[in-house]
């Protein structure tokens, strides 16, 4: 068996919830792909904002309002350098990845696409990168195409020749699959899509939190991700786009802060990024996300990715020993992000999750917001264990024991 | 001079930021109409969620996920009874009032209105209740009409005869104006609008936080408000609508959690309220709002309203003594919510706000997201002092002294 | 989970009572939980408002299948009025466990199929089981 | 705010230098801040790339008007190259105060009008004043 990865107990201590006991046992949290835990300093950043500087942002002249505005905009600067955007004006705060993709669909796509134009997705998309396009299809009659997924859980690249033609105006795919764990070959996909003149959006909900992502190096056009999946609070997400594209887009939501001049008859829009931030934004949440980015950056995204890959390799090897465990996705750790989705012959995923919960192990069971992908593999549901910087090898040992117990109890 | 209202120092102590010093003086926060301060227990509710129970909600089987789901849905129950909705399924969590009104415009109105149909607004609307309708006008060619505002800052009800006809499909107005302070006669407006078969939406951003609001007693159809204006966190708002109306509406944003069955070809929607909550919601923020509602309910909304009216009466009388102070809105406290907007002859609102800030007094200067209303009164900007439960009479005394100082410095 | 309750549930899951089909059911109704793929079909033979015979079929997690099986035993020979009185509490009592929001939907799937099949439903509240 | 700096600002606000109009300006440009209604117009008489004469007009808060007035004194007789070098720091130095995000827009309104008028601008960053 691979030797267990280095113990990172220093990081664990940063997360107060990891002191929590479930049924009198220490919590083993293996559900970070759904939402991660938060280090103390993220909670402190929000509490101290509310207890010291709280006020609405923008246009206020009093001290608190200036402090709040400065802190909110500083968080935007942190996001800007975290993904290496070329300008802070390209970074739009939303609620979550889902809202970011709806913004892309309703603003950019609705303005630029016509009936018959094609948006190219894949069979492995999260509902967040599928349903907004289905809504747009109903609204303006675009066509959706899907890159198929191979039995090993990779995108079927050979299919691109047939799928990619001049009618494709946008390719929108997951950078990392939240079910298969596959890290998709996005450089290749971006180059191919640009080759036919299409724009490219990456659903980076599972990549930005776990590995270095550089939007300029990737040469991508749009990118979406969520704060709550990267040590940040709920209620904050990011939509990033190239400035020239954002500038040409109509607004998404209307209201205060996103306008310049308003009369009863006419409106002009504020400059970027404010044009896309209508109403009072998620101020404390942006500040919390800024603190999360500081935290992740200090550790280093390459270090985090390395830690997760070591854990994944260890887990893959351990799971291979379990008879009847069917893994979804590629079998080598270096093509994968830190999550394992599987079924266990004769044991329903709910019963796996319930058995593990009795041992204080939190995993997810269900379709993980990817029903079409589950249909592709002919299963109604699956179980998923997902890792983050605070996980350690002993937790995977406990997972394996729990899975064996579930088999003993339920399989027949 | 009216005797100062009862000292409510008990409430003040609940708000940690009120210990804050600005330029070595105790903060006097008179900007609650922009965003209110938060009591300690709201901060504690969020911190303890993150430190003890944090997880994504819905469909999770492990303990944390069940705890998070239960807490999130309990917050919905609190909102339900706070506004006396007839069902928890009618309460939709959004980011803020602005998003709620965009939801109404893009889902209900876009599906139900045709070119030439009329949405009736007023001249006193916040941009949040104006720009979404201007966007919809561009998109589907509706007509917008505006109830005029009298010189005293009331809605010109005589104009309704001419404005309200069968083409009007929606009346959407502020319950309380964020600039004039006027409490609009919404019972009458609702009855009149229903009389021609129109639906009614209230922008309750400035009413729900400050007075008892009962959606069933009002007989209104839709209602919007923001958590951050009622002791709750940023990043959470409410959209309420009658169940039958919500049921018939198409979704607003697409993604996870708002679906039932998804294939690549087809989607069916989840039941209310989930149909309108796409993606990971603002979980901690909903829980924080729940704690804010508990706090406000224990004091009692009628008590809070009474306290604010006493403060307003006191402030109106004090301001009447200041030569050159021009008040916007009705001059009697009982038609008003707890805010005063004014200009000072010869002193620009920015200079008022800056002078007050040097005395640690926070007020707002500008157009308060109501440019058309300012145009109506022929002024580019104004100054606004707004009150909440934690304000006291001595703060109004300090305000008056500060205004006199601003006159001494700037007026000529 | 209480070990005894779990043992009983697993026993019903592995050795389901009343699983299968009736020759000529008066009513047959299927309910699905798209979240996890659980499926339960309830078949009823109703005479004079009384359930003379009942079967279930389906697949899914232990809770959904055991609860459906226990339910068939419980309603055998009962009147439709008795069925109407069954709710979330009754199902949790049969199972012998408390249930969180997610598993509740599994546990109540059979009850929903039974009620919709037996007398139709205008609306259904997972929190109440009626 | 530093009392001396405030006194100076209020003095420029009440007794503006170079307020008014040129007979035949080479350039005249107006900028507005819709947030608060501040307006500043800058008129320039440029010869051989040098500002021979300058006036401002406008209305608004003390910061916007005083900063515009101080700016006219500063650029009188200077070359366009000198003007290009002026930025947020220069304006704060003239005013003698630090400025938060909201008031910065007031303070830089005149500089924006001057730069757009004198040589046009592709883009404008309030954080830098250029």
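For reference, chains read A, B, C and D in written order, and residue numbers begin at 1 within each chain.
Keep this in mind: contacts are C-beta pairs under 8 Å (C-beta built on N, C-alpha and C of every residue); 3 or more make two chains touch, one makes a residue touch a chain.
All of these numbers come straight from a predicted model, not from anything done at the bench.
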Chain A and chain B: spacing of chain centres that average the CA atoms, whole Å: 32
CA centroid of chain B to CA centroid of chain D, Å: 38
CA centroid of chain A to CA centroid of chain D, Å: 46
Sites on chain D at which at least two other chains make contact: 34-35, 103
Of all residues in chain A, the ones touching two or more other chains: 59-61, 63, 65, 261, 350, 354, 365-366, 371
Category of the chain touch graph - line, ring, star, complete, other: other
Pairs of chains in contact (touch as defined earlier), listed by label: A-B, A-C, A-D, B-C, B-D
Residues of chain A touching chain B in the complex: 16-17, 20, 22-23, 27, 29, 31, 34-35, 37-38, 42-43, 46-47, 50-56, 59-65, 95-99, 101-102, 105-106, 123, 126-128, 130-132, 134-135, 144, 146, 226, 228, 233-236, 251, 253-259, 261-264, 266-267, 278-285, 350, 353-354, 356-357, 360-366, 369, 371-372, 375
Chain B-touching residues of chain D, taken from the complex the two chains share: 1, 6, 10, 13-14, 34-38, 60-63, 103, 106
Touch list for chain B against partner chain D, complex: 348-351, 354, 358, 365-367, 371, 379-381, 409-410, 412
Touching residues on chain D, where the partner in the complex is chain A: 34-35, 100-103
Sites on chain A touched by chain D in the complex: 58-61, 63, 65-66, 69-70, 73, 260-261
